[in-house]
Amino acid sequence: MDGDFACIDKDRASRTGCPEAVYCAGKTLEQSESIITRMREGDIPVLATRAQKELAERICHRYPDAEYDSISGILTVGRLAENAGGLIAVVCAGTSDLPIAREALLTARFLGSAAEIFPDVGVAGIHRLFSCLEDIRKANVIVAAAGMEGALAGVIAGLVSAPVIALPVSVGYGASFGGLSALLGMLTACAPGVAVVNIDNGFGAGYLAHQINKQTVAKPVEAVPGQHGL
Amino acid sequence: MDGDFACIDKDRASRTGCPEAVYCAGKTLEQSESIITRMREGDIPVLATRAQKELAERICHRYPDAEYDSISGILTVGRLAENAGGLIAVVCAGTSDLPIAREALLTARFLGSAAEIFPDVGVAGIHRLFSCLEDIRKANVIVAAAGMEGALAGVIAGLVSAPVIALPVSVGYGASFGGLSALLGMLTACAPGVAVVNIDNGFGAGYLAHQINKQTVAKPVEAVPGQHGL
Amino acid sequence: MDGDFACIDKDRASRTGCPEAVYCAGKTLEQSESIITRMREGDIPVLATRAQKELAERICHRYPDAEYDSISGILTVGRLAENAGGLIAVVCAGTSDLPIAREALLTARFLGSAAEIFPDVGVAGIHRLFSCLEDIRKANVIVAAAGMEGALAGVIAGLVSAPVIALPVSVGYGASFGGLSALLGMLTACAPGVAVVNIDNGFGAGYLAHQINKQTVAKPVEAVPGQHGL
Amino acid sequence: MDGDFACIDKDRASRTGCPEAVYCAGKTLEQSESIITRMREGDIPVLATRAQKELAERICHRYPDAEYDSISGILTVGRLAENAGGLIAVVCAGTSDLPIAREALLTARFLGSAAEIFPDVGVAGIHRLFSCLEDIRKANVIVAAAGMEGALAGVIAGLVSAPVIALPVSVGYGASFGGLSALLGMLTACAPGVAVVNIDNGFGAGYLAHQINKQTVAKPVEAVPGQHGL
Amino acid sequence: MDGDFACIDKDRASRTGCPEAVYCAGKTLEQSESIITRMREGDIPVLATRAQKELAERICHRYPDAEYDSISGILTVGRLAENAGGLIAVVCAGTSDLPIAREALLTARFLGSAAEIFPDVGVAGIHRLFSCLEDIRKANVIVAAAGMEGALAGVIAGLVSAPVIALPVSVGYGASFGGLSALLGMLTACAPGVAVVNIDNGFGAGYLAHQINKQTVAKPVEAVPGQHGL
Amino acid sequence: MDGDFACIDKDRASRTGCPEAVYCAGKTLEQSESIITRMREGDIPVLATRAQKELAERICHRYPDAEYDSISGILTVGRLAENAGGLIAVVCAGTSDLPIAREALLTARFLGSAAEIFPDVGVAGIHRLFSCLEDIRKANVIVAAAGMEGALAGVIAGLVSAPVIALPVSVGYGASFGGLSALLGMLTACAPGVAVVNIDNGFGAGYLAHQINKQTVAKPVEAVPGQHGL
Amino acid sequence: MDGDFACIDKDRASRTGCPEAVYCAGKTLEQSESIITRMREGDIPVLATRAQKELAERICHRYPDAEYDSISGILTVGRLAENAGGLIAVVCAGTSDLPIAREALLTARFLGSAAEIFPDVGVAGIHRLFSCLEDIRKANVIVAAAGMEGALAGVIAGLVSAPVIALPVSVGYGASFGGLSALLGMLTACAPGVAVVNIDNGFGAGYLAHQINKQTVAKPVEAVPGQHGL
Amino acid sequence: MDGDFACIDKDRASRTGCPEAVYCAGKTLEQSESIITRMREGDIPVLATRAQKELAERICHRYPDAEYDSISGILTVGRLAENAGGLIAVVCAGTSDLPIAREALLTARFLGSAAEIFPDVGVAGIHRLFSCLEDIRKANVIVAAAGMEGALAGVIAGLVSAPVIALPVSVGYGASFGGLSALLGMLTACAPGVAVVNIDNGFGAGYLAHQINKQTVAKPVEAVPGQHGL
């Protein structure tokens, strides 16, 4: 091979505030393991997504502080100190959406946010959503994970004042077309206050939620001091 | 021309219980006018959809009992006697969905059903839906017309016991792709009890709603007498 | 895990008239089994769709009144008392459509309707349809299951006065695009009186058929008494 | 301009048995007129499709034997001698399909076939098809023009022994997606014996029908004499 | 099960001139075997497509005159007597298109046509096509099987006077989208005289080719006697 | 008409923190005017999007504090007091993206945020982006508006620590497919920290940007006091 | 407006070897005119594409050396000195492809290449291509412009040793889907040596052809001297 | 089988300058092996793509000069003498794109070009690209391989004067739709100087890069002698 297969972006943390994550689905076991090892040698906390069980076993064996969530495939070694002021609510339409919803949840926690999950509150039985609405409203950012028609994001956005990150999930069959129907439904939600990440991109949703959440503490104090007393 | 341009299906009423409708969008003014005239000569009540204003003027001039709704483009001459026992509720997500929703409403009334419209109760402000839910629940059949993400149909289906006919509308822009997002959203609604008609097919939704509604009176008496006392 | 993975909608029956079903395809064996068990503890009749053989064996072992149909993957424990006055006809274009057609059939029966299936009567040999048309016409609701071009729904709708629920099936290859051609063909059927459920959604078709069928008895008597004498 | 804008394929007739046609939609009035004039100078019979009215007026003024059909936009100057043994049946689902169906009809006649049109016999009222089936069965080739779900082609193919050329038409709205639903429905017709031309390609359907029809006379005599006595 | 899973169309031969074929891909081994057995009991020659190897072994074991082509998956028991006057040329763009091209070839032969295959003559090396053009021109009908861009059909149609049946094949990767690019390319071929069957539908192409070929003998003599002397 | 055509959501402000906006594209001039008038009677500040020039003239004539931006079609009457602590940067790839980018800019300002626009800094000349990167980095939220390949959002997200709202624009031709390529490119941006709104939904982007920006002041103080000292 | 609407990339020429072009379709007349004027003030040669007639008149009036080609909408003021060693052949399938093909031709000439056009040599009459093949083979780079099935690019690539830039054109109707079928056909051309630009992007094809052509002179001498003797 | 399954295009080298390659994915092991053997018997250097490991083992066993790259699946036996003057740079966005990028790299080298790879320099961390930009600028042709949003090609094209061949890769999930998002993004890149090959077509990209690169030496000397002194 003509060179190395990966060029780790070591100063990403200083540039964007978050270390680089390792997406395992497109890599061999050996490639993923090698990248994680090198990151640990540089003392970088590791967040690996879509990690196969076998990789998790190897890494957990080598690093005692590694943690693996088999539902979402999230594998972490270390994590960032809590650094964000508010709460992230991850709302999940159905049982089948859990793996992706948990990817968002655990990503946000890894990066330093407090985050909670509200499972199985889809709009087909909308009273389930109302029964936990008070708790959801306490969050600074909401991640709404749903497959099929993806209506959850728009319904929530009409009920809260926090930004909603819509996370379409590729569950379902037929006209759900691998998450396309949920994606389109979320993009065209009538309620404003919604933006959408890629289908099944729990990592991206959790990352963005943390970015927003983090600012509620750090930025106002320094950047806009005059208005802080409001 | 080698023959006639239209072969009117005169015994349709006896076969399916409803006379044939005239879809004006794909016909010239003259073709539509000629078909309507021949139907009236045969004493068939006329329902014309997507009727241009000019056609409506000509027909209303000729037939005093003609009625034209300029919002939906529905033009009728005569109508069937009321022949269905229950009520049809046409629920409409936003102002922009009104032309298509009214096409459904007026079709159902033409065919002999009682029908009412509930405008501007989309899920972006879901309290508007709850405020008229009691009335909607009185209906035997519900037509849910919505564009954009089309979530209205699934949310209603989770709240009522009547069948819901989902009517996707081609309003909106961008990823609504001419009604495609609403169509997909309605097809993949998580709540059961929903079936979908073609985008903008208000006529089809009203027709089917009437077919269902009509049976609540006529069929039970003859076809399943033993269970009538339930 | 942060909470429970499923929040059973126990009062669904009182709200919509039907208990919640369990869609097994997106769940692990353990999740499905646990949900079914909890429903049985609450004395809720269970309808599970897309049930794997292994799940069926476990459930049938535990509950003597469980029944499993290996063609459709429908697994039931108990069922609702017959509560609808008319008949549902499930018409099926070809042998390959049977699994989905039977999902509709068994769902309708579980919910309390009488239902019959008419297999292999696709439009490529249209005399087969005509030979059972008299029987089909006896139904209050017709479910038309077909893959490929999906023409069956439209042809039937032109021949009967009952509502037709079109059920596109993902059989076929090439330009059938996983049921898309059948779906589009059914949505654009020229004959009115057709509405479409999601591709392969036999459950949804059977559920909606029952909802319509059920009203032919119950609703007219209470809700629209004045017109009952017609 | 660096050269000529069109390079007329003068020996096409000797190579493929048919002269080149002029597709006017993508050309300016002047380009079309100039091509037609040069073809006439070479004594080539002209078939122009999608001809604008203004072009037709200019050409009809110049050539007394020019004929223009305003419904289909077919403009001819001269035609080929009748050279095919059988009949072509152009079957047309609805009034809106007529322009394209006539394009097929007039193309086939221009090239030397006998051809007849059967308008408004779509499958929504299938008795209309049966009432002219005997006449359709007399044809050597059948062109089936339909929009929306395009079921006509498959239904006919199950009823006749002649080849069926399916001609999808871009009429309709919503999920007909500019003829796509008809195209897919025709491609996936369950009955064998169907092949499909491009959406709205009446010219191509008529041309191919003639090619097939022509062979029923010419080829057998010369090319396969031994089997002629069958 | 409520009835039989298949309703064999026994008089199809008298109606359309060809017996019904058995499409094995959507059926279980047992279903296919049972249908074939019943057809043989009725002395109907059998053409089964997409037959699995195991089915072929069982059938070949039972019926000595059964033949199986493992490349295309075509399994036949008996065949029709030769009944068509001309030759069918099956032209095949590349090695990967062979399974589907042979499905067309063997179908046509089963039905009673003489047919020959011209493999690996795609347009990327167009001299290969020209080197066998003389032989291709002898055919009454041409089937052009190609994947990727599907240009073969249009190029041939510009060089011959016989009708061309375009058969798109789902080989390739990326933007060939499972045969979609070939399908679209064939539908929009600039040369007239082309019609297209479904992606990978070798059976349909061979069937239609035979239908056309058969008429070159039978029909002219009986059906249009007066014009035979031309 | 059976009722009113619009049901203004008057307490939306208290529920979500922002008043309802008026989307004029799907409404008649009269409908828009009437809604605006009624909102003003209720003293609700008005933000109307896609306002036609004629509507703007009428409204500006009636309300002296109305403002109209002809590039974006944003029409406002009144605005909310500045209520957010940070800055929103609207970054715009090319001149053609300006109308939509300004819709986002003016929406954010209307709702009470400080916002600035950075026009014509697309990635085709990436030095233009770097020349204003310092200023962009000062923002709490970034809106990245781009058509064609939509690469701007991902490139920016890799360079900043603030959340990026990607706003695909329907400029371009051919394979940009009305903004679809930009939409897909933004959804699949390799850099995390991006979420996407609907094509051309400048309003939604500005609204969401404000929602995020607003929290940097209000929420931390009240809602999560314990963590404020971090 | 918050700033300027365009930020001209003045040192683009030094960076990429070519000045920036002005795409007029997405700009108002005034915006285009202003950009052109400022470029001329900086003595930058101007290439404007999709220029409206009215813009051309204004610019030609102001700058005597402006040239306008009404077929392609290319407007130039000045041009670069001839700076490339070889010839570019622009091959064009049909008359309807000319506007886009000429956009490529004139762009290449503006940038300093010699370029010639070969119109109306589509594969439907492939002898037309062979009759000018000798001349096409003299070119260093070939641009192949075609709509419909786009087969021209692949056929040429199999016949020449020069690189082929495929330029899909949005002519045609039905399944050409605005150039999509040509685009897919070109991307999947079986012959290697083809790369594709956006639909209707004559400018991009001409630009890239020039970039390749230019290197045949400049680069070898300076950059890779050692290998020049081969 | 009626003939041979492959017709090797032996004089391809003289016609296009490159021998034919063997695409193994659509062929059986035996077919690939047989073709390779026959090519070696004719002393033709062999480039096989998508070669399975087992095929590679057989071929490497038989021919000592065979080489196999397991990452890309490229298998070569012999290669062409170096015959091109400049360098090809293969730039690769991420680790997951390596297999396809190496297919391009090894194809170009096989054909006689010098080529280097620059892995993992995607735009999400754009400083990685800038750190090797000087080396990339030394190339005569650049291949830019990327999945997901495919922005790499456009960003590079804005920074260099050499032609860029964009190579979309089917890595990713969700809205990357098997490489479609990268393909569309590359086709609509705002920077000119980009053309695109099929998704995952590393072979085609390497082949075309070599064709361009080769001309920088050979053609100028013979074809355009007068300008050689520049």
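For this structure, a couple of remarks:
Lettered A, B, C, D, E, F, G and H in written order, each chain numbered from 1.
One rule holds for everything that comes next: a contact is a pair of C-beta atoms (placed from the backbone, for glycine too) under 8 Å apart; a residue touches a chain by one contact, two chains touch by 3 or more.
This structure is a prediction, so every number in the text was calculated from the model and none was measured.
Listed here as common contacts of chain E and chain H: G. Ranking F-H and C-E by contacting C-beta pairs places F-H first.
Think of it this way: of A-B, B-F or D-E, only one pair shares over half of the E-H contact pairs by residue number, and it is B-F. Using the average of C-alpha coordinates as each chain's centre, H ends up farthest from chain B.
Work out the mean CA point of chain B and of chain G, and you get 52 Å between them. As a whole-number value, the distance joining the C-alpha centres of chain D and chain H reads 45 Å.
Between chain A and chain D the centroid-to-centroid distance comes to 57 Å (mean Cα coordinates, whole Å). In chain B, the residues touching two or more other chains are 94, 124-125, 157-159, 172, 174-176, 183, 187-188, 198-199. Pairwise chain contacts in this structure: A-B, A-C, A-F, A-H, B-C, B-D, B-F, C-D, C-E, D-E, D-G, E-G, E-H, F-G, F-H, G-H. On the chain B side of its complex with chain D, the touching residues are 1-7, 9, 12, 20, 23, 25-27, 31, 168, 170, 178-179, 183, 198-201.
The touching residues of chain A, counted against chain C in their complex, run 71, 94-96, 98, 102, 105, 116-121, 124-125, 128, 171-176. Put simply, chain H touches chain F in their complex at residues 93-94, 122-126, 148-151, 154-155, 157-159, 172, 174-177, 180-182, 184-191.
Those residues of chain A that touch chain F in the complex are listed here as 15-18, 21, 82-87, 138, 140, 157-163, 165-166, 183, 187-188, 192-199, 203-205, 207-208, 211-212, 215-217, 219-220, 223-224, 227-228, 230.
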